[in-house]
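Worksheet: the structure to be examined is printed underneath.
Here the chain labels run A, B, C and D in written order, and each chain numbers its own residues starting at 1.
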Amino acid sequence: MFALKNILDIMKQDIFAQHLGIRIVEAGEGQARGEMLAGEVHLNSLGIVHGGAIFSLADTTFAAASNSHQATAVAVNVTISYCKAAHKGMLYAWAKEISLNRRLATYLIEIKDEQENLIALFQGTVYRKEYS
Amino acid sequence: MFALKNILDIMKQDIFAQHLGIRIVEAGEGQARGEMLAGEVHLNSLGIVHGGAIFSLADTTFAAASNSHQATAVAVNVTISYCKAAHKGMLYAWAKEISLNRRLATYLIEIKDEQENLIALFQGTVYRKEYS
Amino acid sequence: MFALKNILDIMKQDIFAQHLGIRIVEAGEGQARGEMLAGEVHLNSLGIVHGGAIFSLADTTFAAASNSHQATAVAVNVTISYCKAAHKGMLYAWAKEISLNRRLATYLIEIKDEQENLIALFQGTVYRKEYS
Amino acid sequence: MFALKNILDIMKQDIFAQHLGIRIVEAGEGQARGEMLAGEVHLNSLGIVHGGAIFSLADTTFAAASNSHQATAVAVNVTISYCKAAHKGMLYAWAKEISLNRRLATYLIEIKDEQENLIALFQGTVYRKEYS
């Protein structure tokens, strides 16, 4: 397994995540936590947080969790269900590993707001490319 | 149906899409086309275009297509399959309507690169909130 | 909410579920449990339980959970991730409600075998048609 | 590629598909066509074709298409969007290959009724286990 420090260092090289203000605050052993302060820049034309911003927070946290083992994991398939509109404020993502095989692994990521409302549920599968 | 001009005007109020450089170039009658010049800012820690950036391009094009009728459409569920890694350069999204009911509608969005490679396939369903 | 008896009575009218040997053993308040004894008839050409049989068990349990409130719920979108091949023997499905809105609700269904291995994870959204 | 005859022979060993009356009528080069006569036995408690029956038709056609190359393909992830309720009568599935990589491939399967109505759209990804 990568040391926690390593996976956090890798995530710091994620320019897109930084552009959106996404931070990985914890990662290791198939789990990760991420957060994003949703502001003006994350809003869509309806004035609520854009689905792509919510997805990006979840996806980055998913990447942190799935790359916390000794293999490079790339996303194959993702499904997101939007449960509640999100407004400006902190959003939190929590990724947990549901299944881990040699080549494939599946994760479930919950995205919640400050009031602990479930904003979206994200289910993703990675292909694990190599063992380093 | 909204006039094309209207839906394009609405999309211009999408601050998040603008922040990522996403442009809707065509929209109407359940279809839409979008594009994004993927640059440094869209890359992840592996140096390829972030899944969240690809998703956001597809999602914005999906929003343009699904809001081209006289109802406010909000995303319920989306699935994205990543077929090929994307590098810096233009990315194109094309959304078409697969099914349209009174309250629900389903769209399929293809994301391709400049060489016409399929980068991802996005299947999304909206809930149609009101008739204006 | 339907009384437990009512939802179980409704599920008994599910001819397809009976044809596959699917039984709902518990349902109410957005939750449900189902089971199926996977036998020769549920196998595919590889000699393992067919993805359609696993899906049908999950889908029937999802229907029981989502129809346990006073509204007719119909499936809009479903995603299933297959985590492990299933062999002959008992399969168990457990559906729980993740999100409940006036018109839409989302459920997560785990399918496990007798050894508690996770066989598949099913995420489904329903549209709630009417209040009776 | 398997000869068409071979893949059709393999599909005949799919006991579950036969139990549901699913027939693969064409398969090869990443494509396949399947059909099923939906009768009393395929109905759910609402008197319409069970989501699991529709899924199983699509899934079997997906298996035929994805196993038409020289590799054993197993389903990783599937999403199905239900567009219209199906009634008794013939249902048709058409699977086409969207993307084919060494280890992963993605397919899109349309399910239609006799009137050419789109009943459901199925998007599935397989993992390709071995080259024979």
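One rule holds in what follows: contacts are C-beta pairs under 8 Å (C-beta built on N, C-alpha and C of every residue); 3 or more make two chains touch, one makes a residue touch a chain.
On a predicted model such as this, the values are computed, not experimentally measured, just so you know.
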Of all other chains, the one whose Cα centre sits farthest from subunit C: B
Result of counting contacting C-beta pairs for A-D and A-C, higher pair: A-C
Whole-Å gap between the CA centroids of subunit C and subunit D: 20
Distance between chain centroids, defined by C-alpha means - subunit A, subunit C (Å): 28
Inter-chain centre distance, subunit A versus subunit D - centres from mean C-alpha coordinates, in Å: 32
For subunit C, residues that touch 2 or more chains besides their own: 76-77, 79, 81, 125
Subunit B to subunit D touching residues, read off their complex: 77, 79, 81, 83-84, 98-99, 101, 106, 108, 118, 121, 123, 125
Touching residues (chain side subunit A, partner subunit B) in the complex: 10-17, 19-20, 40-46, 49-53, 55-57, 59-60, 63, 72, 74-82, 85
Subunit D residues touching subunit A - in the complex, by the definition given at the top: 76-77, 79, 103-104, 125, 127
